[in-house]
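We call the chains A, B, C and D, going by the order they appear; numbering starts again at 1 in every chain.
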């Protein structure tokens, strides 16, 4: 097809006085393959848009250059205009002669404007159509992990009409929420919350549950994953369109923090909760209970949240003296400042240290020595029990799963790279999300919010009537591909896989739904086998070459 | 391009630098008019060959402008661009072009002042000031 | 796969001095995969040569081409047949075999190598390749747990480590590298075949491949 | 179900996140915004990266705003407020008033010729900000001569697209929607309320918000009094947070203060930065490491100052209790930044009454326990900081979560 370029220049209501528009028009008319040049004063207004449509049709224009304001807000407007005229919306090339030319310079910039139009026209010559198609997607979702976050995710997905497969490593659903004594001021206990959720999951026809099972392999791409599940000797397979990881966290009392091993006096949070649940079984009521925080874990909100709730429960049920040693109170989540004040009012004493407290044994009790920065004094406390801080760690298997799926972790090893564009719940791969403790964040309200946003993202990905994607905008040309795997290895979104074409040759294939259009692969391919329509090499180079050709 | 020209080709990531250039225009912050911006979807799209080609066609300087390190929408795009700029510098030195004429710049969408400073600095460099 | 590296520009420029019209030829096989001589590298080298020559006021005229496999005569003729007439010299970005194939076909034109062909190897990380095979022509990988002591031991020892192995199983000559014999020991240990460590190997017949080498397939 | 429309009240980042999710999920959204432009506070903030990102998330905002504004499923109504709501979930009737649109959004091409000819000073017709979205001029009735009875017609005559019409009246319209998402955001605590800190009286006492906007516009820090680069800067944390009348942590101030501290040190390695704090909020992905890095270049002092006095040279004398030394110290800074927190909007009460939703103790909209989205009225959901303090990623997540609830209602009805 012969290229016929139509150039529409806008002088923005004649306001761009440092460009000589008649001169631009006159020169532009002489460009190669340009069949029509229009100079107008307000291209983006409705009446002008209608005019563009009719000119495109009349003059049989098949590439359109718009020279005017920045494309950021207007590109899609003009895209629609040329579609209306029967052209593929990719046959549009824009020259930014307002924001990046007239407005950016004081002097006369007629020549620069002319160059920008020439660059856009040169690029336009090489434009190819990009079709949009609706893509079949699998509407099933896989949820990995059957704790609070996993169950809630499955239930929320069901609320949106999506079916899920829930895979839990343990024999029963529940996870770690049961390790909490409760939420102060809330009647429902965590155990009650869990059992009602468990029941809801089991009764929900949309949720298929596998317990004592683990993920052996994940293959495929957003919209079409294949999951191999191992349950004892059984090997199962499921297909799904998206995956939520809710694999939780684990905690550990680090020996270097306490020197002394956990024993009858230095106890875990779980042990304290057991005591609180059955205070009658204690030999005697403990007179003093201490908590130590911020010894090795300053990143997590879990220690302070559990400590405040547990300290209040101790006050209420055991009536012991309670001392909390900490560095900084992490009150930056909903309702925690109030909880902290409540605890103080109920007699919980907070002591702030800068240097780690020294912990030793004395007369069968635990001795804690620290310099309190507020009092400016050395404080020594003898307590019957010291509840040790537990460092929150990523669960076992996180590393294996993340490397299998090619998804990043943060510096502490939890899921999700530290990149603001992924926050709150996304991974670098489309269709894979993280919620709950496995992300390293353990604040209850944030987790609930995250779960809802993850389920909404999945709904948006899988559920619209038609899942429209641009087909092969970034494409591997099979005959040029050398199967060197470079693109597979460098794609930040894991969107490229090797496939066999004609059962013979293995070549790279870019999955349209998973591709995010960065072009890293196109730049790195040593065989120049990847074409990124709109930013193809010949298009970029055409722009480069158009700069400053003799006018 | 004439070799005497002082043109700068700026490859600008549409998530950051391209928006910055628009912001500078909207704020009517004036900068040297020798810069020609080419929009790219990510600094990671820019290849060594694009940079060399720009010099081959007569550009006096090339800026590759992407997002801040750690804030690339495509995670590694801007760090790859940085490596490629480094590689291009080495290749240019081999042909006798001062390595300082190609530069990687990290910008956030609001950093209009910084954008202008970089354009001015490069202009001064190539004009030998 | 054959691994190669590009020569420094200075050396290439010296080879080409006196020639004005050059054909730069890449190869789409091994050297594409090791980022040394594919279509992209052809473009980069051509750009560099143009920039260097125009900087010296003596602009080269450069044609670019990339052959499917430079070591196949038919493919070279098909891709280059027409272009060669227009140039004075050919700069091959193929491995040594590629350079010689082109030189054999176009005897009247000088053919220059733009790459140094270095070894047979595999990718270790993105953009990094390591040597794995020394093409000795007498493969002993069966006895050594699939680890070749000929290239991976700095001294090419066939009967266990030299005695200078450093702590952590590192090589005496290069502490960055693993001692091949430690690797072999560990591998055989995993396979329960440590008895092979006791096996004595005759000094290797490095003349198994007579230079120039030649291999004939058993059947047609 | 009468329709598949959802109303989102508030065009800040949470409202935009909600609207985008719903629109991309196939629904139609009315996004109404009180001001002339969308984006709210987040759009006026600055990137705090040095060369390396500090995860402030400000850079994710502009593209979301642009995406929402051009989205075919989102109808944006600026300058609009909710007057009346009736009906119930599935069928709310909402009465909206839109202030007179003297300049038509459809016709204004932002060429700026009107401002050039406007005879008043300051100009009565102008662009709200360089990055305003919608990118359109506005007319200020209080300044325009036309509204002072004069017969000025200059801007209208100069407008190349006939976008200006003085006769436009405010418009009332009734929207019919299934659910309502409230995303009205927060107000920044007014530093003047704590008189002893001198904000509003001493030019070199600024708030965190002032700093955001200064960096956004200028890209660097200048002393308001003389335009010079400050050398000795103090941040005072918890101004307007964690006190008797604001019994909560604003969640963002420690992080922005530390990010600014690092940025200031990066731009001017000779500058001294001190942060006065009560408790440092270092939780969150990678933030404890960030804090460790900050500690190397920034001085952290526990305890917040109670008084600032201006010395004759314009410098600021800060009086604080040095807890570590157990005495009251005085130190001189050339710039003091009050890390002001988030407070509920003063007009929340009006909207609460219109919608029938409750306000919580602190004045933010109230929700059910362990649920930060649902209000006491079925089908009315909360998004973002109108429910309580949140940073940008959490505001976006909350907006998405609210969208999910609204979507759920529609899925259930189908």
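In this text, a residue touches a chain if its C-beta (ideal position, glycine included) is under 8 Å from a C-beta of that chain, and two chains touch if they have at least 3 such contacts.
Quick caveat: nothing in here was measured; it's all calculated off a predicted structure.
Interface comparison, A-D versus B-C: the higher count of C-beta contacts falls to A-D. Averaging the CA coordinates per chain and comparing them to the mean over all protein CA atoms picks out A as nearest.
The mean-CA centres of subunit A and subunit D are about 23 angstrom from one another, to the nearest whole unit. A separation of 35 Å divides the Cα centre of subunit B from that of subunit C.
Centre-to-centre separation of subunit A and subunit C, using mean CA positions: 42 Å. Averaged Cα coordinates give subunit B a centre that lies 33 Å from the centre of subunit D.
Residue positions 72, 418-421, 490 of subunit A each touch two or more of the other chains. Among the residues of subunit B, those in touch with two or more other chains are 19, 26, 47, 49, 53, 70-71. Across the assembly, subunit C contributes residues 40, 43 that each touch 2 or more other chains. Of all possible chain pairs, those that touch are A-B, A-C, A-D, B-C, B-D.
Across the interface of their complex, subunit A is touched by residues 1-2, 5, 7, 9, 19, 21-22, 24-26, 28-33, 36-42, 44-47, 49-50, 53-54, 57-59, 70-77, 80, 84 of subunit B. Put simply, subunit A touches subunit B in their complex at residues 70-72, 96, 98-107, 109, 112, 115-116, 119, 408, 417-421, 428, 490, 492-493, 516-520, 522-524, 532, 534-535, 537, 540-541, 543-545, 547-549.
On the subunit A side of its complex with subunit C, the touching residues are 480, 482, 484-486, 489-490, 525-528. Of all the residues in subunit C, the ones that touch subunit A in their complex are 28-29, 32-33, 35, 38-41, 43, 123, 126. Looking at the complex, you find that subunit A touches subunit D at residues 12-16, 41-42, 44-46, 69, 72-73, 76-77, 156, 159-161, 183, 185-186, 298-301, 328-338, 341, 352, 373-374, 376, 410-412, 414, 416, 418-421, 423-425, 439-441, 443-446, 448-453, 455-457, 459-460, 463-465.
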